[in-house]
Amino acid sequence: MDNKDIKILEAILFASGEPLDENDLKEKIKDKNNISKLLLEIKDFYKNRGINLIKTGNKWSFRTAEDLSDELTIFKTQKRKLSRAALETLSIIAYQQPITRSEIENIRGVQMGRGSLDHLMEIGWIRPSGRKSIPGKPTLWSTTDLFVEHFGLNSLSDLPNKEELKASGFLDKRAAIATISDLAKNDENLQGNDNLEQEDENNIDDFIQNT
Amino acid sequence: MLNVPDTEIKEGQFNLLLDNFEGPIDLLLVLARSQKVDLSDISISELADQYINFINEYRNIHIEIAADYLVMAAWLTYLKSRLLLPKEEKTDEYTADELEEALKYQLQRLEAFQNISKIIYSRSLVNRDVFYGGSSEGLKVKYNINYTSNLYDLLKSYSQILKSNEQVKQLTIEYSELYSVDQAVKRLKGIFGNITEWTNFLNVIPNLIKANKTINKSIISSNFVASLELSKNGFIDLKQDESFGNIYIKFNQNG
Amino acid sequence: MDNKDIKILEAILFASGEPLDENDLKEKIKDKNNISKLLLEIKDFYKNRGINLIKTGNKWSFRTAEDLSDELTIFKTQKRKLSRAALETLSIIAYQQPITRSEIENIRGVQMGRGSLDHLMEIGWIRPSGRKSIPGKPTLWSTTDLFVEHFGLNSLSDLPNKEELKASGFLDKRAAIATISDLAKNDENLQGNDNLEQEDENNIDDFIQNT
């Protein structure tokens, strides 16, 4: 291979250890107009190797190949376990963003446990993104770039089964029916929310195990 | 694999804890799945029975049950009765069919998102399944400082300030004029010598201040508690001849 | 390429980021007797790329190609959290702007170090915004557009108010009586965020030194 630009791109991507913006990469090479083509070429070269070149959003990075996850458990650093509630909340936000807290609650049919939103925000996967122009101006929640990167998505439009969900009408935010969700809400004051506090314990391992 | 219910409920198996469910809709969904895999064919009336039975059985064993589960049971009972009635005339309210449809939709939508959340989490996640790596050895490196403090840190920090400012507020407890048991014990001990015969309890307590009912009540009850205490220790005897009758008190000279 | 062993070797060498002993690598693969041959195969595959496989002593590692080092400088970002004090100051300014230094000190209940505001200003998150018309005419401080951008807000009004902070779990009182599960949770948090705690003293001097 004689293409110096490709060598440079590989070296930079390798050395940086984190995703790099395509525009920043462009600065480093001669054949700036062909940056996309060069990157795709590299991607193709590595596609069956132990290292892959991945694009998430507008950023590129080398990562270990997906099918090796069993062999690489030694590198596992993600210790945090997500509760089932947090995961459901995350996926609702991902598909319905921007969305308010009470819209999420309507879909889940349950008051949100304290900690769900702040926990997801702490991990860096969701962020407040404006306010809805309805009375009370509630905060709208969206996913972050980190979410896209972390879940290996090209972009949000890459979310699995999005079209299916849309076709089935499940991406409507309407409350299924006023009465059901109102019932759930009226009751907020009655119960001490005991069971909500401990939801963190229902961890994702249980969740996966049970399926 | 993704369509299998998280928790299977077999008939008569009520040792499941509601803590395992994310609210009534989630429980309904699990019940519904045990009825049919395809939720669009589900019988809402049958599901309502299942749910109500489950909740009733559950209450027999676990006394505590979150209110929203009960509210849902009540709502389903209502829905069922509406479904059984002859078709109503169109009113402003939802028809029974509409309610049924809405509940089905709610269940299907939640199921869809529960499945999606599993699919999403089974993707290759950074630091769990795939890893960044590499080494910059051999290249010249210049460092930029990037402050990674994010919105979460900022909000957390502000919340700490709000919290600590709340805690600093002093809690002033008002001086209470209520008559304490200690006071009563002291006082009773002081007048022991005078109570050598059976005396009506009400005659032993201090004069009641007419103006304040609460204080009066406190005087009576603390003196009563005090005399129980003193009789337990053998200082005095207490007697009551009939239920709700007068209470008599006497100094126990042997005590 | 169908050789799983080669993929595993590549991924491990890449993810570890440091030279690995041939004997240790052997443990990870099936075809243990052929480890040397496999590594040489990989070395050959990468010989003209931007990344090379290098043997030093009995250890193997990927590194960027030598012939690039002269002309290539890469910029790495060093991630750093704000000190707790700076974060507190910043959050007070964000919520209560415009605000004077002594008002901030009143809220925090401590005198502020000299560099605190300067530091935040240097990062570009706060700016002086006029003077308060009281004796002494103290400087008022506000946040900047860069602040809004960095923290992923659309506008300042996106900041959740006290009620919303509460609803999202930020104001949960955990500290009063720690339960066992709280302790366990805190523990987990600590493990995940080692670097968060030790940040406090990263001051402006480090900042200058490292750039």
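Miscellaneous remarks
Just so it is clear, A, B and C label the chains in written order, and each chain counts residues from 1 on its own.
In the analysis below, a contact is a pair of C-beta atoms (placed from the backbone, for glycine too) under 8 Å apart; a residue touches a chain by one contact, two chains touch by 3 or more.
Here the structure is a predicted model, which means the values were calculated and not measured.
Ranked by distance of CA centroids from chain B, the top chain is C.
Counting contacting C-beta pairs between every two chains, the top pair is A-B. Taking each chain's centre as the average of its CA atoms, chain B and chain C sit 40 Å apart. Centre-to-centre separation between chain A and chain B, using Cα means, comes to 34 Å. For the pair chain A and chain C, the distance between C-alpha centroids works out to 19 Å. Across the assembly, chain B contributes 131-136, 138-139, 141, 150-151, 155-156 as residues in contact with two or more other chains.
Residue positions of chain A touching 2 or more other chains, listed in rising order: 11-12, 14-17, 51, 62, 64-65, 72, 75, 118, 121, 127-128, 198.
Interface residues of chain C, counted against chain A in their complex, comprise 1-2, 6-12, 14-17, 28, 48-51, 62, 64-65, 68, 72, 74, 76, 152-155, 157-160, 164, 167-170, 172, 181, 185, 188, 191-192. Across the interface of their complex, chain C is touched by residues 131-151, 153-163, 165 of chain B.
Contacts from chain A toward chain C in the complex involve residues 1-2, 6-12, 14-17, 28, 48-51, 62, 64-65, 67-68, 71-72, 75, 79-80, 101, 114-119, 121, 127-131, 138-139, 144, 198, 200-201. Chain C contributes residues 11, 14-18, 61-66, 68-69, 72-82, 84, 87-88, 90-92, 94-95, 107-108, 123, 150-153, 159-160, 162, 165, 170-171, 173, 207, 210-211 to its touches with chain B in the complex.
Remark: chain B residues 1-2, 4, 6-7, 18-20, 22-26, 66-68, 71-72, 75, 94, 98-99, 102-103, 105-106, 108-110, 112-114, 116-136, 138-139, 141, 150-152, 155-156 touch chain A in the complex.
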